[in-house]
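These notes open a run of structures that come right after.
One chain, chain A, links the two complexes that follow: it is found with chain B in the first and with chain C in the second.
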Partner chain A sequence: MTFNPTRRQVLVGGASLATIVALGGVHPAFAGADRAKITVRVEKDLSNLDPANRSGPIDLNVIWSVQQGLISFKPGSTEWELDAAEELEQVSDTEIRFKLRSGLAFTGGYGDLTAEDVKFSFERFIKPDAEGKPVTYAKDWSSLDRVEVTAPLEGRIILKNPAPALYTIALADGSGRIVSKKAFEALGKDIATKLIGSGPYVLKEWTPREQFVLEINPDYKGPIKAHFHQIVGKPIGEQKTAEIAFKSGEIDFTAIDPENGKSLAALPDASITEIPAIDYVWFGPNIEKAPFDDIRVRQAIRYAVDIDAILQGAYSGLYPRADALLAPSLLGHWKDAPVHARDLEKAQALLAEAGHADGFKTKLTIEANARYEAIAQIIQANLAEVGIEVEIEALESAAYWALGENDASKDLELSLIKFNGKFDPGFQTQWFTSAQVGQWNWQRWKNADFDALHEKGGVTVDPAEREKIYIEAQKLLDESAAFIWITHNLNAFASRKWLKPGVLPNGNNWLYTAFTQATA
Partner chain B sequence: MRSASLQIHLGFKLATAALAVAGSVVLLMALTRLIPGDPATVILGSRATPEAVAALNARIGLDKPLIEQVFSFFGKVASGDLGEDVFNGRPVLSLVLNALPNTAAVAVAAMLCAVALGVPLALFSARWPGGKTDRMVAFLSVGFISTPSFVVSVFLLMVFSVHLRWFPVLGAGESGDLGDQLWHLVLPTAALAAGWVGYIARLLRSSLLEILGENHVRTLRAYGVSETKILMKYALKPAILPTLAVLGMGFGELLGGAVFAEVIFNRPGLGSLIYDAIRTRNYPVVQGGVFVIVMLYVLTNLVADLSQSLIDPRERARLTSGRGH
Partner chain C sequence: MQAFIALSRRPGGTFAMLAVTLLCLVAIAAPLIAPYAPNAIAPANRLMEPSWQHLLGTDHLGRDILSRLIYGARVALGISLSVIAISLSTGVALGIAAALSPRAIDLAVVGVFDIVTSFPSIILALALVAVFGPGLGNVVLLVSIVFIPHFGRVARAQTIAIRNSPFIEAEKVLGAETWRVVLHHVTPNIIGPIFVLACMDIPVVITIEAGLSFLGLGVRPPLASWGNLLNDGYTYLDQSVWLATFSGLALVLATLGFALLGEALRDTLDPKLRKAL
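This part shows the complex of A and B:
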């Protein structure tokens, strides 16, 4: 028995296949835009929806849309606006009075939102949990002494010391969300997966690793309005998959690599948004280790490395250069920070002066990814020109961040680091204090004046005075030559032309309530 | 006597399988704890104080000695508990059971597809060895085998999802909607099956040519039996045995190795579950997921092994005559 298809059979077969495809039409995933619903890509799945133990911005963005705070961030801004609070007054440096709006209620039948809920939500940060352990974000409320309930909808937040950062670090942020005391007690550890709130959205569905669905809360009585009836979040870890899904029309919004912005912008219905970030990427030596304990060696390295070449080679010239710790949009940005230009002669002279005219061997530790490897290779090439032979050690993410434990950073030599920024400068300066040596201060730089400035900045209420303090602190970082700043990063997003995304200035945090239809 | 021999054979195979499962899990637990990084660092990130890290490690049992953790794991497994996700306390068993059908579906579909295409290609090649068809099949097979599956995946996505918009990019389809799930299955199946089509075609062709050169086939030809009948009736059955063994191994491998397809097509399967869990050092999920994969791998190999014994008359005779295992 042989199979010898005739020409007619081939034609009939082909026509049948074409008909099946035509009848099947386009898959529903590609159907025309439903403007009541948007599908956004998130980089990973939700993890823990308890605001005190959340695991990152993906969780926080959802928590923000479901739970209210006394205040919340304004769309696209680091400033805040009233949310559950009808009134909020800083009575003194250590006391904040609040009055809640009436009629706010939690979903799931957990009753009205009251000052008791506020007290419970904030004080759990300073008390051990059911297992006697502090909550993950306990530090956000370290200045809290207590919350006093003065009426069902009124109360006083009493601080141990002035805490100007409280508004952006805690009250408007995730640690300021108001959870239902009743729900918390009823749900127990399920509080990590079941989100009860009084905000504009409800978490209608969370199918792990597939999607979460936010839907407008029909009973919401607060001031912040949601614009889309439904927001679907799809966890897509792979950047390439996300871009293909955007091209195919399956998702309406995704963070992208800025380098791919041009090709995506060429799509007829795509819009690209770029937002300078407030992160800080730098590299530097462990100054406890010879020869980096000699400031001349550190200065030589700073002269030898070409930051502009790094920005061109590893960032395609798209990312802004950083010359100090704090990004331009933050209070305390040092706009007159010195721009250290490459000067090989000075570098060689300093090395000779320090007794290393023939250079030396060292190791640069990085988190393994293509961009950091490119940066490391440029640093390697730059330092080779002054005789410093660099071996690159690329560690997988979890192994790399484990260097923050058990004093593991003592064995580092050079390291390339990226930290995410927050809206208050004190959040950024805290990692460079002496107390952080052995944890996140991998340069192991200790400076009592810097520590004092960080402390002072944390309790100074006057913004102008704070700005001076943080600029002074950055001058000390610069003088140490232990921190060679590269960039504050750049966030880029692709969205449909009809969609205006609600991204906060750090790029990582999104207000789903601020996603709106774009006006022409 | 014959039945006793078969029982010994079966018992031996089961004991080996159990040892393989236990050994793999112990090795895995030891290895995961040797590599640097732990869930506490991932969860707590740059806010981690040593006290918070220690507290979290204590909560998830990582402060206990390894041997204690191993016994605790097997103790829980005995009662049907694979532990809890360290990030949110979800039972690992439910995570694995939710992911398993997505992986199994794509593995089964890819294997069926590979067999459905690979076997006819091998038959065509073996029927006219050295001819145009054979050379064409050889070219295609080597092409399929040597093209990395992720390249095939991206190519398929660009053509069928982005340009033609016939098939979706993301996920495994709406639960409860079989049509949608099948629609989502097409591209990952094609990407995974491509390499296997070539592999099966080459492997089976070689076996067929070997059988076709044997004396009994020459005798059949002398009796005037047609080449097609020889191929289909007398050569295919013995020739497919080595392929069957490879398929058994391959299916097991696909269960754990479909990770790239799951990552690229964003399918929430077992491979990507374990991949994500390794990146975040979510040990209970890694252990639970790998335990299930090892079980399935061992099971599919056992089935392939036993089915080979049943298909191959020589092996069957050896077992039933009581000549050991």
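This part shows the complex of A and C:
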């Protein structure tokens, strides 16, 4: 039997084949599962891949997958596990001994990973760079005195003072990544764009503003296994655009607005993950400026603002309320923190007592985005009820964050702020110290007792004692009435059903090595 | 009266008159007809669908959409009429002055008009507001600057066309001062086409204001502007389509109404077109 297709049959067949291929390309429901590769959306492009000068979590997440540390975070946890180190021992409050695994090697022919590389990587943070400036993350290693190399694969980290936060702030984090001394010396400034490491992935490609590609490092001999052959990161700034890209199957994983979780969960191949965050969103006055230098005015504002209405209106009622600086999952969380309920009578009485019975005019500065505009409008409406007329000043991101430079915050009146959290409470308290006035302490609140507690918390080793210290510090923040906490945020992610994302509890940091195939 | 009858006979004329009249009435009577205070927030009622309680639903802060659209009409009309008034009066004054001035001054004024009009209106408005800051006052002032050349060029061309007319010459011979000639003879004779142009520019101004407000560079919250409403609607589109739909419809109704009215007016006032029709 012979098969002699007619011209029409060929055309119909060809068109059908093309349709099937096209559908497979545009919708995941039709696509053959390419489980060796995942595509994730990142909010912005990579910027600086030097761990000491990285620009934020987008860079760090890539650095983590390419460079090893002595230790690394466990997936989904604030606890750590051994990575490049075979042994790690806290010998005393100021000494940590380490022994590296043998056979670990840097990519690009830069040789084995040795204790000399560890010494070089960590001591960079306490020495000025080639231009005589400290590296961006110098503070992470401020307690470091020196690293002593005792054998090719062994050494001792000597600290100037006890530093219990060192494990989460530096060693397991970006500042604890081990760079190749040889590569650093050979590449010079290019170290910011060429990522050399000894970790599970290599940065195979980075096309600015388009994508980066991580591929499994065939020579990797460490303990942390990667699960996907290739991870592609696509920078998509707009959340809505990212959600459309997810719906169309262009990406397999993205952070989303929790409000849109329900509609995305309705997709046949989507899974939504929600993780309470450790960020802190608050607003407060610049207490150096009248009338906010009067605590009664600050207390009046706190009584006048309806935080629950903000959570309902600006956060769809999905986000948890914050009553203190430290989130519930952190050491030092103040679970008995007072919940300041709205009380307009008290607010008016306090304003009258402070000589502002008729209210006053002020300005609320926010970063321009829909959520903060919604918060600002609720605050505006709430304060209008006690006679305080609020003008909203919405600044573009760059202009807004520039307020942290050159003492620009001195002109602020009210400001709405969101800071990202880290796993050690000392990271959070540092921004409210007197030394930060003119930088990130936009309320310009100075309190010597708070400063002392922050310092003490940084060198106290006993966790129970540290907890007490940080709760005391938060009480001082509360007494000042300069900080009106709103939420610790909520992270939400959409991923394919077959994908289990490797997100750390802060939501901002992802371990690409911990992205795995979900089990049924 | 004849003009109104003629207008209503033009294609779209009746719709245009109805839409513009409705818009003006809504804007004027806003405090009387809005069912709720436009800025009254009620987060517990956020993103409600249309109901008897809230005829067009509520926005993300629980504000009544209908009330905000009604007050938004005030903002749209207020800004567009203010802009047209400022740019028309300034443009006409500059245009007439240029036409009646020595050549060097005329060229200088025309040069400035050319520079301003060489930028697309929305881009220039965006740039000016970005430099001088958002807010109601700034939007009116800066958008007015963008529109001055529109009126200035027409006024100048019309004035040049009639400046040597016998009736003007006669006035001059009789010893009339320039201001008198301009006020009593030039202006009345050139205002027709400028009035039509003003009518056709109103929807453009409404669109520019809405565009600026949509981008966060126009009217500041909590003042209800259709651009702000559209932006809020876009932001929460996944959760509710009502705000985006109704604010978009309001914009379409207003711009279409004024655009059709302008065209109908032009056709009615232009003797050649009137004859043809």
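The working rule: the second predicted complex is superposed on the first by the 489 of 520 C-alpha atoms of A that agree within 3 Å, B and C clash if a C-alpha of one lies under 4 Å from a C-alpha of the other, contacts with A are read in each partner's own complex, and residues count from 1 in each chain.
Just so it is clear, contacts are C-beta pairs under 8 Å (C-beta built on N, C-alpha and C of every residue); 3 or more make two chains touch, one makes a residue touch a chain.
All figures in this text were calculated on a predicted structure; none of them were measured in a lab.
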- Chain touching more of chain A, residue-wise (chain B, chain C): B
- Have a look at where A:Ala481 lands relative to chain B and chain C in the superposition and call it first, second, both or neither. neither
- Query: Does chain B (first) or chain C (second) touch A:Trp401, or do both, or does neither?
  - Reply: first
- Message: By the touch definition at the top of the document, which applies to A:Ala370: first (chain B), second (chain C), both, or neither?
- Response: second
- Once the structures are superposed on A, label A:Ile392 by its partner contacts, choosing first (chain B), second (chain C), both or neither. second
- Query: When the two structures are overlaid on chain A, which partner does A:Gln312 contact: first (chain B), second (chain C), both, or neither?
  - Reply: second
- Query: Between chain B (first) and chain C (second), which does A:Glu259 come into contact with in this model arrangement: first, second, both, or neither?
  - Reply: second
- Message: Applying the document's definition of touch, where does A:Val40 land relative to chain B and chain C: first, second, both, or neither?
- Response: neither
- Message: By the touch definition above, which chain A residues appear in both interfaces, chain B in one complex and chain C in the other?
- Response: 240
- For chain A, which residues are in contact with chain C within the complex? 240, 243, 259-260, 263, 309-310, 312-314, 316, 368, 370, 373-374, 376-378, 380-381, 391-392, 394
- Message: Which residues of chain C touch chain A once you look at their complex with the stated criterion?
- Response: 39-41, 43-44, 46, 60-62, 216, 220-222, 231-232, 235, 238-239
- Message: Help me check something: in the complex, which residues belonging to chain B touch chain A?
- Response: 35-38, 40-53, 55-56, 58-59, 87-90, 95, 98-99, 154, 157-158, 161-162, 165-172, 175, 180, 183, 228, 232, 263-266, 268, 272-273, 276, 279-281
- Message: Which stretch or stretches of chain A touch chain B in the complex?
- Response: 1-2, 21, 24, 26-30, 44-45, 47-49, 55-56, 131, 133-134, 136-139, 189-190, 192-193, 207-211, 234-238, 240-241, 244-245, 247-251, 395-402, 404-406, 408, 419-420, 431, 439-440
